[in-house]
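Working notes for the structure below.
We call the chains A, B, C and D, going by the order they appear; numbering starts again at 1 in every chain.
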Amino acid sequence: MQVGRRGFIKLTSAGLATSAIGVLGFGSSGSALAAAIRPFKLTAAAETRNTCTYCSVSCGILIYSMGDRAKNARSNIIHIEGDPDHPVNRGTLCPKGSALLDVVHAPTRLKSPRYRAPGSGAFKEVSWDFALDRIARLMKEDRDRNFITRNAAGTQVNRWTSTGMLAASASSTETSYLTWKVARSLGMVVFDNQARV
Amino acid sequence: MTQPKGTLTRNTTAARINHWITGGCFILLLFSGLAMFHPMLFFLAELFGGGQWTRAIHPWIGTVLMLSYAGLIVQFWRDNLLNRDDINWMKAIDSVLANKEEGVPEVARFNAGQKFVFWSMAFLVPVMFITGLVIWDVYFSAYTTIEQQRIAVLIHSLAAIAAIIVWIIHVYAAIWVRGSMRAMTQGYVTPGWAWRHHRKWLRRLAATGSTGPRPRADRGPAPR
Amino acid sequence: MTNTWQDIKNANVIVVMGGNAAEAHPCGFKWVVEAKIENGAKLLVIDPRYTRTASVADVYAPIRPGTDIAFLNGLIRYLLEKDAIQHDYVRAYTNASLLVKEGFGFEDGLFSGYREEINGYDRSDWDYELDEQGFAKADDTWQHPRCVMRLLRNHVDRYTPETVSRICGTPQDKYLQICELFAGTAAPDKALTSLFALGWTQHSVGSQNIRAMAMVQLLLGNIGVAGGGMNALRGHSNIQGLTDVGLLSELMPGYLRLPTDAEPTFEDYMKTRQFKPLRPGQTSYWQNYRKFFVSFQKAIYGDAARADNDWSYDWLPKLDVPLYDIIRAFEMMANGQMNGYICQGFNPMQAFPDRGKTRRALGKLKFLVTMDPLDTETSRFWENFGPQNPSDPAAIQTEVFQLPTSCFAEENGSLVNSSRWLQWHWKAADPPGQARSDIWIMTGLCHRLREMYRKEGGAFPDPILNLTWNYTDPANPDPEELAKEMNGRALADLKDSNGAVTAHAGQLLEGFAQLRDDGTTASGCWIFSGCFTEKGNQMARRDATDPREQGLAPNWAWAWPANRRILYNRASADAAGKAWNPEKPIIQWNGSRWVGIDVPDYGPTTKPSDAVGPFIMNAEGVGRLFARDQMADGPFPEHYEPFESPSENVLHPKVRSNPAARVFADDRAAFGTAKEFPYVATTYRLTEHFHFWTKHALINAILQPEEFVEIGEVLARQKGIEQGGWVRVASKRGAIVCKAYVTKRIRPLEVNGKPTHVIGVPLHWGFTGQARKGYGANTLTPSVGDANSQTPEFKAFLVNVEKAHAPKE
Amino acid sequence: MADLQSQNYIRRSASTLTPPSVRDHEQEVAKLIDVSRCIGCKACQAACMEWNNLRDEIGHFEGSYDNPADLSPSTWTLMRFAEWENDKGDLEWLIRKDGCMHCEDPGCLKACPAPGAIVQYANGIVDFISENCIGCGYCVKGCPFDIPRISQVDHKSYKCTLCSDRVAVGLEPACVKACPTGAIMFGTKADMKTWAEERVVDLKSRGFSNAGLYDPSGVGGTHVMYVLHHADKPSIYAGLPDNPRISILVDLWKGIVKPLALAGIAFTAVTAFFHWIVAGPNEVQPEDEANAQRLLRKTDDSR
């Protein structure tokens, strides 16, 4: 089984990175033992390779989800454990990583854009269009009012200091690159990330 | 219940109900307890709807039995006080067992054998009740240590075995001594039964003009 | 990290100081345990608290928070005094022999050039004495009074074991035991690794803490070798990536720096970037800066970036201050100088110093946008949550947008780990409800702004309108396309010196060596060049084979730069090119080229006899014991007390704290004194939680449910504090009320003759999520940063503690 | 009795007959917990909760890192922390993962009255079969390590299964897989003992002269073993029993008392029966009635 598994994981394309664990030989043994032992719950779950979202050890993880990616099945993550092939964590996970399932399904995960008006005591759900239109408008108003094109010495400085941004520390590198492009093209300089904190 | 004329009341209606509640509980406890005591008898749990129900019901029945037996104690303790007659009766146990009543000293309402059953149970039932509380996991496990629970469960089993043995003696005696069963079912005995087994009791009833189960206090003691 | 996580197993001695690897990085810490078991390694832990890391240490020594430099300078003194340095390494690979300008000096706590009016130094004298050709002068005998080695000896001479113990509170016997174990790794075939994290950075002398250890490692010959290195254990899964891509106020992708007001033209800018070699024949790799910069501008502005407009240099914003860091940002915000703020997956209410100030500052914004998968405290700062967040919504006029984003399990992309590996990950499920990816949201904002500027005009729209956006789905760019953009491609056929085509127009580049400064290549992040080539997505590689099981796994994912796993690996071999440790070579000279298990951090065919230094990014080619002008607060580390300290500076009472640190007036006013706040506090994480995220995860909330502080038994007895009882911990800035953990793990330290108590404040609790409500450690912390990076001083400040009652809801 | 189909039981609670056990040629497994490598991170706890779908109540801080405060029906394993000062005055933070030891001679199984509620597989795993559990709590009394906990909700007893579901399909238990520092290892019992020996040698070389393996013979050895730096004093590890064995009280109760009781009961009943055969019923005779009537008349007269 181990040989098959290693061979399997060398395939790098995204499509092949996910697969049913059945391929790995766990087939039907679960049900045979089910009479006395709790059935093995991952027998036909879909497996996706991912990286732990927390610290920068960046442990390899296997995400197991319900449904075989058929069109009519909505994939739901049911279990996450360490990727035994990952050279750093070798299948292990810390207490945060072992509990990743609970952050994916946290009851405090946000499901809809929300807006709080000045002085209001509560959020209200809004549409994406409302939120993004309004934010873009507020940004433009502020930028147009406070953008510094030239400093006192007359040097072109293209600086926008009255609106700032903090970038995520767990978003992908690709996200951060796109974020850089957007923020800096606006001239934003109050721009930082969690590296210092 | 109508009682035939000329018979004596051995047990009042209240006493009989009390007794049979106790007895019924005892049997249920016997079955459920044995089911949990010995694997060979686990099949008895099916009588109660399975192991979970057996485990759940047993302590409640035990509680009822404890209360019920307390009622019996209240009703019977005075007639079960030990006295010199009991020693004499015990000395004549051979005759008792051989059904040779002639050689047996007269006893009052209860003989030493009955008193043994009564006081044994009066001791064993509370012991089982208290140890039973200790091992009543659902409600009381938090109040004792596991070591205390181990002691309790051992005492509970030993007490239960003793109680079962006493109970067998009790039941057999009721079968063996004819007329006893009716005394606890219909409540009455014939004067001859009283003459044969509890002559002192009969004499006292006769002396006070009582038809049982206790001498009439307002008529004064019987003449000597 | 200079080395990989697995490489830690090759160490002979592992030092955890300025961090708590077992708790913060348990899965990386496995390699420490592996080193102990497989390599017989010794683990040394130096920490104010007896941590979980200490629980498996061979030697543990306590230290007062904020005194690491005293400890390390004392260690350098010890090593020099006992001559326990790796001589050949120090001579060939460090600047020990180079001569420093005559004007340089150090007196009474100040280096030469201090200017009080700017709270900083004129650093012009902190440099080498150059000869006529512009090369640094050297004295290989180390006799010259101004050679770096002599200056260093003089500098650390004051740090005797007695003085170290007096400042740090570390018992002398433990201190000397540790020094001895360090000294043992000066042998060429022995390695010591340093694992550190925010325990060093979050000080007003944070950068110098790290420099001090880096100097120790250079002296011991432990940089570049297997089982050695300076290993900064980065905090978040992609904080390395965000730093690499330049999401910091002064940075551009690939550690290019934003221009400043002092660089009005592109040529001005380039003048200070393309470092000329300071020693004959050195590489000084930054000489290629122009290629990286031009290729970057081509990547983001495409055809609009042309030679005739200096590659759109003018479109970049320029900085008027060194940094618009978070402390400055919230100072500006508190002063009403900011109107908008966007928090993308970041929670300042919990993470920034002086929570009260943070709350007040956010309340002065016109609008606040949060993008997060979770319901953060920041997005709810305006709401009244009782004593843990006593806000009055009616009085706060900030418009708040809470935008739900997808999480790691719901998107494709790469993350850069602490050892610089770019690892690709795949989506497993759709995000819940209407949650969307950050890419989609940022794109949505960008398009809206672009449309508005196109239609309405406005302030300087050129960079916005010309930003490249040629993605297949412009509304939701595919991460693979973005990765390719960072990797870079040829814009015209690239030819080598013989005229042969090395890359056709449009092809993805193989690496940054192909970058040109003539506009024929584009690369969004030069150091990532090679991550997504014509051979496919290198970040998705999953071959875990590991030559000699030395912990490199070179074909697993992809590491920047150029898939190099150990930085400065040329230094793993001696001047002649033979491995210092023949058991664990990394690269060696085979007579014609450098070969080994890693990609050489060096010219692959550069002969050892050419004497090119191994530190190719440095203009002098060698490691710096003397930092030249690169540090704001001195070329050598010096012990300065934290801004809130119970002790005077015994070395120079007049200069108590870092003289080059920037402190805003209102923050200075919020510093407490030892008279009012007699105990030293330090903040930290616990292994059960990850910052402020995992309190939203039920399992972690169960594992560590409620806020508490750690107090030593002696202090608890003095204060009548009971185990698990309520206490109130207060600093000048605020107070928290929580449970007390009375522990043997924190003992009073004898500092300058006085017993000093340390209180530990874990930082995980807030007012959203599943764990019990807490005040947050940052209620207490001071708003002052490191002189170089402005990282807040979370690790050493003053508090008072009293027995208390449970807070009223 | 569907549970018997696996045919690899060594022991089955409250079973007077040998359970189907022909598939007994199986390697014994064991989990080795190397306390000297443990950093107390609770990854094992988290992984256990996650894999087994357990979520206990969110508790309080109660003066230590032990959270939840104790084992429970929803907490099958728990790190227990002890701050201990050694002879040199140095602090040692002794952190022990508590949970079922999977004894070779399981006290829980011995005490259990419900047939098949507790079983021991040929690989050594002691498992609770909920279907058969009656919730009496006898296993709690039988266990020398204070492990099983009875649910107040469903009245079943729960404890670590050694992830029998994972082991059955050839995987290691969830806690073992998660453990970041390799403080929890899993394999055959023989391999684990060999590995433990190596660890003990290493610990002795680091000055822990009393390092050793905890595989207590009092319960016939265990399938969860500890490497301890102070194997001479197990109890300093948050009360690990120095010399665990099934309580003598439980031994009596589940041993000699059972046959003696049945014998006593049977003896009494049989004796009664033979008394009946020999002596027969004790019946009231006509002369008894006559004597009684005489007595009644006499007293009536005398009044």
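Going forward, contacts are C-beta pairs under 8 Å (C-beta built on N, C-alpha and C of every residue); 3 or more make two chains touch, one makes a residue touch a chain.
None of these values were measured; they are calculated from a predicted model.
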{"item": "Between B-D and A-D, the pair joined by more C-beta contacts", "value": "B-D"}
{"item": "Whole-Å gap separating chain A and chain D, where each centre is the average of the chain's CA atoms", "value": "43"}
{"item": "Separation of chain B from chain D, taking each centre as the mean of its C-alpha atoms, in whole Å", "value": "38"}
{"item": "Centre distance in Å when chain A and chain C are each reduced to the mean of their C-alpha atoms", "value": "23"}
{"item": "Centre distance in Å when chain B and chain C are each reduced to the mean of their C-alpha atoms", "value": "84"}
{"item": "Interface hub residues of chain B, defined as touching at least two other chains", "value": "none"}
{"item": "Residue list for chain D, restricted to those that touch at least two other chains", "value": "41-43, 45-46, 49-50, 180, 182"}
{"item": "Two or more partner chains touched - positions in chain A", "value": "80, 82, 89, 92-99, 101-102"}
{"item": "Chain pairs that touch, as defined at the top of this document", "value": "A-C, A-D, B-D, C-D"}
{"item": "Residues of chain A touching chain D in the complex", "value": "1, 26, 29-30, 33, 35-41, 79-82, 84, 89, 91-99, 101-102"}
{"item": "Of chain D, residues touching chain A in the complex", "value": "2-6, 41-43, 45-47, 49-51, 119, 127, 129, 161, 164-166, 168-170, 174, 177-180, 182"}
{"item": "Parts of chain D lying in touch with chain B, wherever the complex brings them together", "value": "14-16, 113-115, 117, 132-138, 140-141, 146, 150, 152, 155, 247, 249-250, 252-253, 257-258, 260-262, 264-265, 268-269, 272, 275-276, 279-286, 288-293, 295-296, 298-300, 302-303"}
{"item": "Touching residues (chain side chain A, partner chain C) in the complex", "value": "6, 9-14, 17-18, 46, 48-60, 63, 65, 74-77, 80, 82, 85-90, 92-104, 106-121, 123, 128, 131-140, 142-144, 146-147, 149, 151, 153, 155-182, 184-197"}
{"item": "Residues of chain C defined as touching chain D within the complex", "value": "22-23, 26-27, 29-30, 33-34, 36-37, 40, 50, 52-56, 58, 60, 686-688, 698-708, 723-724, 738-745, 770-772"}
